[in-house]
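When the chains are written out, they are named A, B, C, D, E, F, G, H, I, J, K and L in that same order, and each has its own residue count from 1.
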Amino acid sequence: MPNTVYKVVEIVGTSPDSISKAIDNAIAKASSSLRHLGWFEVIETRGTIENGKVGQYQVSLKVGFTLE
Amino acid sequence: MPNTVYKVVEIVGTSPDSISKAIDNAIAKASSSLRHLGWFEVIETRGTIENGKVGQYQVSLKVGFTLE
Amino acid sequence: MPNTVYKVVEIVGTSPDSISKAIDNAIAKASSSLRHLGWFEVIETRGTIENGKVGQYQVSLKVGFTLE
Amino acid sequence: MPNTVYKVVEIVGTSPDSISKAIDNAIAKASSSLRHLGWFEVIETRGTIENGKVGQYQVSLKVGFTLE
Amino acid sequence: MPNTVYKVVEIVGTSPDSISKAIDNAIAKASSSLRHLGWFEVIETRGTIENGKVGQYQVSLKVGFTLE
Amino acid sequence: MPNTVYKVVEIVGTSPDSISKAIDNAIAKASSSLRHLGWFEVIETRGTIENGKVGQYQVSLKVGFTLE
Amino acid sequence: MPNTVYKVVEIVGTSPDSISKAIDNAIAKASSSLRHLGWFEVIETRGTIENGKVGQYQVSLKVGFTLE
Amino acid sequence: MPNTVYKVVEIVGTSPDSISKAIDNAIAKASSSLRHLGWFEVIETRGTIENGKVGQYQVSLKVGFTLE
Amino acid sequence: MPNTVYKVVEIVGTSPDSISKAIDNAIAKASSSLRHLGWFEVIETRGTIENGKVGQYQVSLKVGFTLE
Amino acid sequence: MPNTVYKVVEIVGTSPDSISKAIDNAIAKASSSLRHLGWFEVIETRGTIENGKVGQYQVSLKVGFTLE
Amino acid sequence: MPNTVYKVVEIVGTSPDSISKAIDNAIAKASSSLRHLGWFEVIETRGTIENGKVGQYQVSLKVGFTLE
Amino acid sequence: MPNTVYKVVEIVGTSPDSISKAIDNAIAKASSSLRHLGWFEVIETRGTIENGKVGQYQVSLKVGFTLE
């Protein structure tokens, strides 16, 4: 195993539907510009409230990927 | 934009079904007595265990709203 | 009410499907070897990324049970 | 079990005598205006010093109660 | 000194001008509805960005006051 | 001094009387099944409220002991 | 509202004059290379001391912007 | 009110008897060498275990005093 | 560069005027008794409230200096 | 990949020689009684001081292993 | 001294040999693509376990560099 | 065992060679002016970067000693 070095970035995914969808959206977006994504960690779950309901989930993630 | 002041309160929503339902219940309840709810932040996710399964999800939220 | 003493252990449940499933798997496994499980608390939500999607959710829980 | 929603407030009890008395005073006061108090959590223990002794204990609590 | 009990609430003051103004606005607003305010603690400093400049400062405070 | 290795476990002691009694109960219980207990650290102090008074103190401890 | 994804980066602004100037400098610099900056959060305030006075304020910010 | 400056030091009081006695011992000792002690804050409560009981309480305090 | 060792002390500066003045006061005071002050870090910003306004800002700093 | 569940335990390794040796000792000891150890995380590094030198390093680890 | 602005990124270095080597590898890798690296801070030390020994150290660093 | 009171101070050791050397330097320096040093705890590990390598390790310690 070579001495891989990883970079970790913070992104925030959003979704009106669920926490899971917000995570999926964040990872899909990150995958479109970063290669070798390896793991994520949820660091904050927030959201907006509209008309007595959740308007939008906002989930902050740390995402790690291999530096080539 | 006027210099709005917000208040933040902590509530705990519960549900036997899911984390999302517990959040929904907390926000619905808060909406019945507070106006101008604007955002929430999940600060703790706990629950009871019954018969080897989750009995009840208990999700603590900070909820912010405009002070009139 | 006797002066019950509880023990708290940390376990990590995994699931390719959802955060909820990962929690369920952790609690089901813990229930197979520990009796009198009473409550849990989510302390970390992580996961792997594969092909631009969540590969596996990994949810760390503290689980409390009565010491007999 | 209905999907109860709880509110959590922060109060600070004081006493010249002991940490316990400060907690008791905080909970007694909260009980005089809030119904259905269910639990508390100590979040900070401070105090004043007078003449080389503790002058007053100041104990911050989070107190949870059922929202009706 | 009687065994005073305090309550602590969280408010967020805003201002386009400065952190200090945001704190002032929060305390002025709180003073209009709460009596016996005694102290505050800054717990978060955030803000919006507009056209490459700070648009609005948002300062979260804990504010303590005597419970009568 | 050999290179001792310690294990640390988390337990929660309870008592209707005081924080100290809750700690004592936790340590007495741990001592009945674990040998070579060496130290403890209080990590959380909570409790229930009944009729405007503390019903039960719940004190979480980390307890360290020598691995033989 | 589309499911916007944001990125969050950490920058440190400096100024010999004030905390506010240090924040302004950080945001102005970030704006010169990043578009769609939306919000910031102060995470640390430090500085150097020279001749018994503040030499330079160093303010660490998290800055969020829309990923296009 | 002049612009008083305070210094804060960390001390650890011990007692075989109780948390309160450990705090008292720490403050008494600090008072013998420091003047103008004003306040304290408990930052950690630990102890030793001997023969299945608390051997010694060790309570870490921050203690603040006026700089003359 | 020799292997310099630094000491870090905690002080609290106060001012009725602003956070900056409170920091200045703390550093000026520390400079009157300590040599080779090098850096500071803000660790807490609190204050008193009087007549619906900030009465006094209280800013806690860690201050580092070279040990000769 | 089955839905593996992991357990996480806290151990403290010691060594008079180095932080690394303390980690090695903790993991070697844990390996003698636990199978399928997978990962560790350093959570605290402490030690004793004797005659102006480090007497013993004490490194606290969380260690994760597969529950069979 | 101009009002320099710094950026801070998070990277994870790995090494089968030691914590120091993992730090060295992270900084060497970062240096190959970023100029003006100025400082680092260790934020997490983890690793894998293989055959009762450390398989690979994984050290997370924040690394700061001047924005030109 | 008398009711010993300890004081805890924060120092930062530096070394171009290793984290261990930085700790050694801090403790050696502290020992030259303080008696009865008993224990230390690492609270932060930082450093400078020069020419793509660690220039200097900077390790912050809390050091405890008996107050006579």
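The rule is short, and it goes like this: contacts are C-beta pairs under 8 Å (C-beta built on N, C-alpha and C of every residue); 3 or more make two chains touch, one makes a residue touch a chain.
Everything numeric here is computed off the predicted structure, so don't read it as measured data.
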Mutual neighbours - chains that touch chain D and chain K alike: none
Which listed pair, E-I, B-E or I-L, duplicates the contacts of F-H in over half of its pairs: E-I
Fitted rotation between chain I and its twin chain L in degrees, CA, nearest 5: 120
Gap in Å, rounded to a whole number, between the CA centres of chain L and chain F: 31
Distance between the centres, which are taken as Cα means, of chain J and chain B, whole angstrom: 38
Sites on chain G at which at least two other chains make contact: 9, 19
Pairs of chains, among all present, that meet the touch criterion: A-B, A-C, A-G, A-K, B-C, B-D, B-E, C-F, C-J, D-E, D-F, D-H, E-G, E-I, F-H, F-J, G-I, G-K, H-I, H-L, I-L, J-K, J-L, K-L
Interface residues, chain H side, partner chain L - complex: 9-16, 21-22, 25-26, 29-30, 33, 56, 60
Residue ranges of chain K touching chain J (in the complex, touch as defined): 18-19, 44-49, 52-54
Parts of chain L lying in touch with chain H, wherever the complex brings them together: 1, 3-9, 62, 64, 67
List of chain G residues in touch with chain E within their complex: 19-20, 23-24, 27-28, 31-32, 37-42, 63
